[in-house]
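Both complexes shown next keep subunit A, but they swap its partner, so subunit B is in the first and subunit C is in the second.
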Partner chain A sequence: MAEPGFAGKYAKCVGTGFRAALEYRVNFFISVAGAIAPVVIQSALWVVIYGDDPASSFFGFTFQQMVAYTVIAQLVSRLVRTGFEYDVNWDIKSGSLDRYLVKPIGYFGFRLFSFIGDKIVQTIFMGVLLVLAVWVLAAALGFAVSAGAVILFVLALALAFILNFLIFWCVALVGFWLTEIGYLFEAVRIVIIAASGGILPLAVFGPRASSFLSLLPFRFTIQFPTEILAGRIPPSSVLPSFALALFWALALAALGQAVWSRGIRRFAAVGS
Partner chain B sequence: MSQMEYRANFVTGIMMEAGYLFAKAMYVIVAYSAGKRIGGFSPDEILVFVGSYVAITGFYAGAFAMNLFQLSRLVQDGSFDLILVKPVNTQFYATFRRSDMGPFFFDTIAGIVMVAVGLVRSGIGIDLTLVLGWSFFASAGAAVGYALWIIPMTLVFRIVRADAIAGLADTFWDFNNVPMVVYGRVGQAIGVFVIPIFVITNFPALFALGRLPPVWFAWGIAAPFVFGWIASRLWRSALVHYASGGN
Partner chain C sequence: MSIIEVDRLCRDFSYYEKAEGLSGSFKNLFARKTMIKKAVSEVSFAIDEGETVGFLGPNGAGKTTTLKMLSGIMHPSSGEARVMGFVPWQRRKDFRRRISIVMGQRSQLWPDLPALESFDLNRAIYEIDRKEYRSTLDELVELFGIAEQLPVQVRRLSLGERMKMEIVAALLHRPRVLFLDEPTIGLDLISQGTIRDLLKTLKGRFGTTVMLTSHYLSDIEDLCGRIILINHGVVVYDGPLSGVNEALADRKTVRLVFSEELPEARLASLSGFRSRDKNSAVFDVERAGVRAFSRRVLDELPVIDLTIEDVPLEEGIARLYRGEAPRG
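Up next is the complex of A and B:
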């Protein structure tokens, strides 16, 4: 059998991730079900805060906008979530990383394309859920989504996948220096989710803090795609925002490459 | 206590809880930023609720969460056999055998500080009665929380792969992130008497604020016994279905 070409090798990685996603679909469904709790909690909170005046504005959101943000952000947050960093950490800790070093594919490429394959399955399911959610929001609150917003949302979501992967790729590579970092991943994850607007909109931190956080890459993983779909990004800000997100993707890729180069030199195949 | 061997894990465990504390604190930020009373409670009083929630989360995260999440694996690979043959109560040993002191101390201390700050800012004097009463209802709430998490986990003896259930049950702990008053009368009734998740962290806060009605006061004392009994019975009847897996 002829060896697959460059594209064929990574296409197989996509297939690996795709099959793994199908195998662990129950875990994903449970994760989505877990999004119900924060939606219910926050919706109940907003009902009380906005009270009898849903047109009033808190943190720059009306009641309709805040509930829509809550629902969409929770679904996007579940969709862009990673988990491969535990596999990377295990590969480094156990020494099994060395078997990937002799394969005719790069380890970064293997992880990235497996991640993409994994996300294909989840995106299909989430797409259906998002359509349902938008339909319910439209019926209940008059929430409207334009066709242009949907197209930009798809682009922003693709960028969010890449950015979140790169962020956690850089975090995962800390495993070259620390051996027990399971809790560290969770610590980083929850802070990044908060800084991404995945719990509450960044506006709750106040104007100065939210302006600073808006410049960081985290916002583009959850809040930016959410606000694109909700039509909250002014047209004049769309291109500059995408440009900033692309800049962060390139910066994180460069950082990841630099850390990988140093880490792999340090790598000792303990346990292999 | 064996977790203390892994010092890096101890430190990173605290870092993880610090991250979760930050996430919980966001609801406090909302309360203060909104600048209005939420369900009749001022932002400082909301701080007492969130502080109680954080403190009791320390007990949950440090004392038995790890054991509940590992229960499924123990049943799958047959390690649960070794727990069965120990000369101690199986339920007690299986659910308390490992503890994580880092998150326990971090959350407990942080939560108590938040409660104290909220009470002082609300102009409520902290005396021995308040401290003992809050501690009692916090302990009772922790006992109710323990029972509520044991009940769904007894399914592991029947269906083996129940780690997803543990994850799902874990997300419902977050309903205590905000005072139960935001959920309306029906939601409160369900959360107090049917699936008493609100008893866990709301009752200590309500007691400290002097707003715990007599019926709820009595239920706060009775609920740990009622649900502890239910959890114990379900555990024993589920254990009958245990079949050793693994080797």
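Up next is the complex of A and C:
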């Protein structure tokens, strides 16, 4: 759709999300600060589990790798975290969705590009934190990151944003049928974070569960970028993994579109 | 040619009836009785380009529902409508670029952004040429006197200021059709008057076709040459505002002031008695009987003042709501 002004319209949405993120930056910093507690608790846990023998390996992770995983996965999970689902839910519930329906703009596009704008700001802050974290990990535990891994990480992160957006877009649209779904969001979020390897690497769940979870889209939102950065993904499976993630993005986009068109018919039918 | 054509538009809502109390809630879990409410029932009318039409009716009459269908937010249950030749609920992009709807109860602006940024977002959304945008905005800012409030977050504006911003936002792309749903609701008298004056000026300058709902008759009297009255989802009157009273011209209101307070029973014994307050009373009298009525009360009661008036507009409209007068 190469009509004039089309790109400008959505670029503007990115700008809006960008400004909103600057407006609510404190919110984001608090969320990052909130990442410290789980990192400390989990690291303490690993200290106990690995005991006196730091060379031992659990679930294919050495102590150093496990701590590095914990720190990076926490940062990534905070970074890809969404919040727009509450806005979508509110728009549906309060009827303010009307204001988008009467304007020549797609609601999905508006939300997606505002989300991207929002994430640009956070990624800049987070990038700094991540560099610091990697530097500390390198100094303390001998954690090493290659330049190639960084480039792949950025790509994987971009895909993680899109996937997480699409997952929560689909969840948010449940609001067309249920009015109170705030709790649903949190419940779904916890399950998804666990299934994404955001708390513990998926290997912890055992080989069968972990290989099953690896096929789902969730892994690509946290564990995949984290492992890419840590250089834990064998080069031969990088491309197939990206392909699978892309497949999920397309599948979720199609699902979202189907749910949206049913939901909007219902919205228009029920009124508000 | 008509810019808005509405043909037997209907809109039903289904809802559930729930018996009182806990047992009712419990029963509801298993067997819910679905009820159907006709919000809009076979509404038909046509509006010409440039017209400003008042859309009146009591709460729940179906006004907002009709406007929502005409602006494409809601699908009808049956019936047809065309706005500028488009079927509104197909929500074609070209349609959405040419209309606007302002709802007094619901903001179209982004509360966290200053109005100016919302306007700029609208510029991008409506793909308005920058130069055109600038000149329209300058014109509206001057007209509305809102230059100082432009950089203020919308959530920090007063209701009156916000309403002006809402209207400006709705006009930036110079829509051919503007739907205004209760634009003065909740505003104080002065702000109501300001919004009204602005809409009047706009009517002259922009030539937009406007459909306006309001509870305040002064809005309608000032702005609309024609009104459509709707009640229980049905059009009960469609015609000029002056016609409302003509339809009721067979009656007059007679006000009496007495030298002393009279018992209500005595006043009520006269036909057409409507109300009393201390030593005054109001009667509704048929036009043909006014002379006889006046003579009789002057003879029988201690009248010190007598005035004969047309039925007030509010009263006439209330009667039309009740379906007392014939369709216009």
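In this text, the second predicted complex is superposed on the first by the 263 of 272 C-alpha atoms of A that agree within 3 Å, B and C clash if a C-alpha of one lies under 4 Å from a C-alpha of the other, contacts with A are read in each partner's own complex, and residues count from 1 in each chain.
Quick note on the criterion: a residue touches a chain if its C-beta (ideal position, glycine included) is under 8 Å from a C-beta of that chain, and two chains touch if they have at least 3 such contacts.
Being a predicted model, the structure only gives us computed values, none of them experimental.
Undergrad: Please work out whether A:191 is in contact with subunit B alone, subunit C alone, both, or neither, and reply first, second, both or neither.
TA: The first partner, subunit B, only.
Undergrad: Identify the partner contact of A:102: answer first if only subunit B is touched, second if only subunit C is, both if each is, neither if none is.
TA: second
Undergrad: Between subunit B (first) and subunit C (second), which, if any, makes contact with A:8: first, second, both or neither?
TA: Only subunit C; A:8 stays clear of subunit B.
Undergrad: After superposition on the shared chain, which partner residues are touched by A:124: those of subunit B (first), subunit C (second), both, or neither?
TA: Neither partner.
Undergrad: Decide which partner touches more residues of subunit A, taking subunit B and subunit C as the two options.
TA: Comparing subunit B with subunit C, the partner touching more subunit A residues is B.
Undergrad: Does subunit B (first) or subunit C (second) touch A:258, or do both, or does neither?
TA: Neither subunit B nor subunit C is touched by A:258.
Undergrad: Mind sorting out which residues of subunit A both subunit B and subunit C touch, each in its own complex?
TA: Overlap of subunit B and subunit C footprints on subunit A: empty.
Undergrad: Under the stated contact criterion, what part of subunit A meets subunit B in this complex?
TA: 26-27, 30-31, 33-34, 36-38, 40-41, 44-45, 47-49, 58-59, 178-184, 186-191, 193-194, 199-200, 204-206
Undergrad: Considering the complex alone, what residue numbers of subunit A touch subunit C?
TA: 3-6, 8-9, 11-13, 16, 19-20, 23, 94-96, 98-99, 101-105, 265, 268-271
Undergrad: Using the touch definition up top, name the residues of subunit B that touch subunit A in the complex.
TA: 6, 8-9, 12-13, 15-16, 18-20, 22-23, 26-27, 29-30, 33-34, 36, 38-39, 164, 167-168, 171-172, 174-175, 177-178, 181-184, 187
Undergrad: Going by the contact rule set out above, which residues of subunit C touch subunit A in the complex?
TA: Contacts found on subunit C: 13, 65, 68, 71-75, 89, 91, 93, 96-97, 99-101, 103, 106-108, 110, 112-113, 117, 120-122, 124-127.
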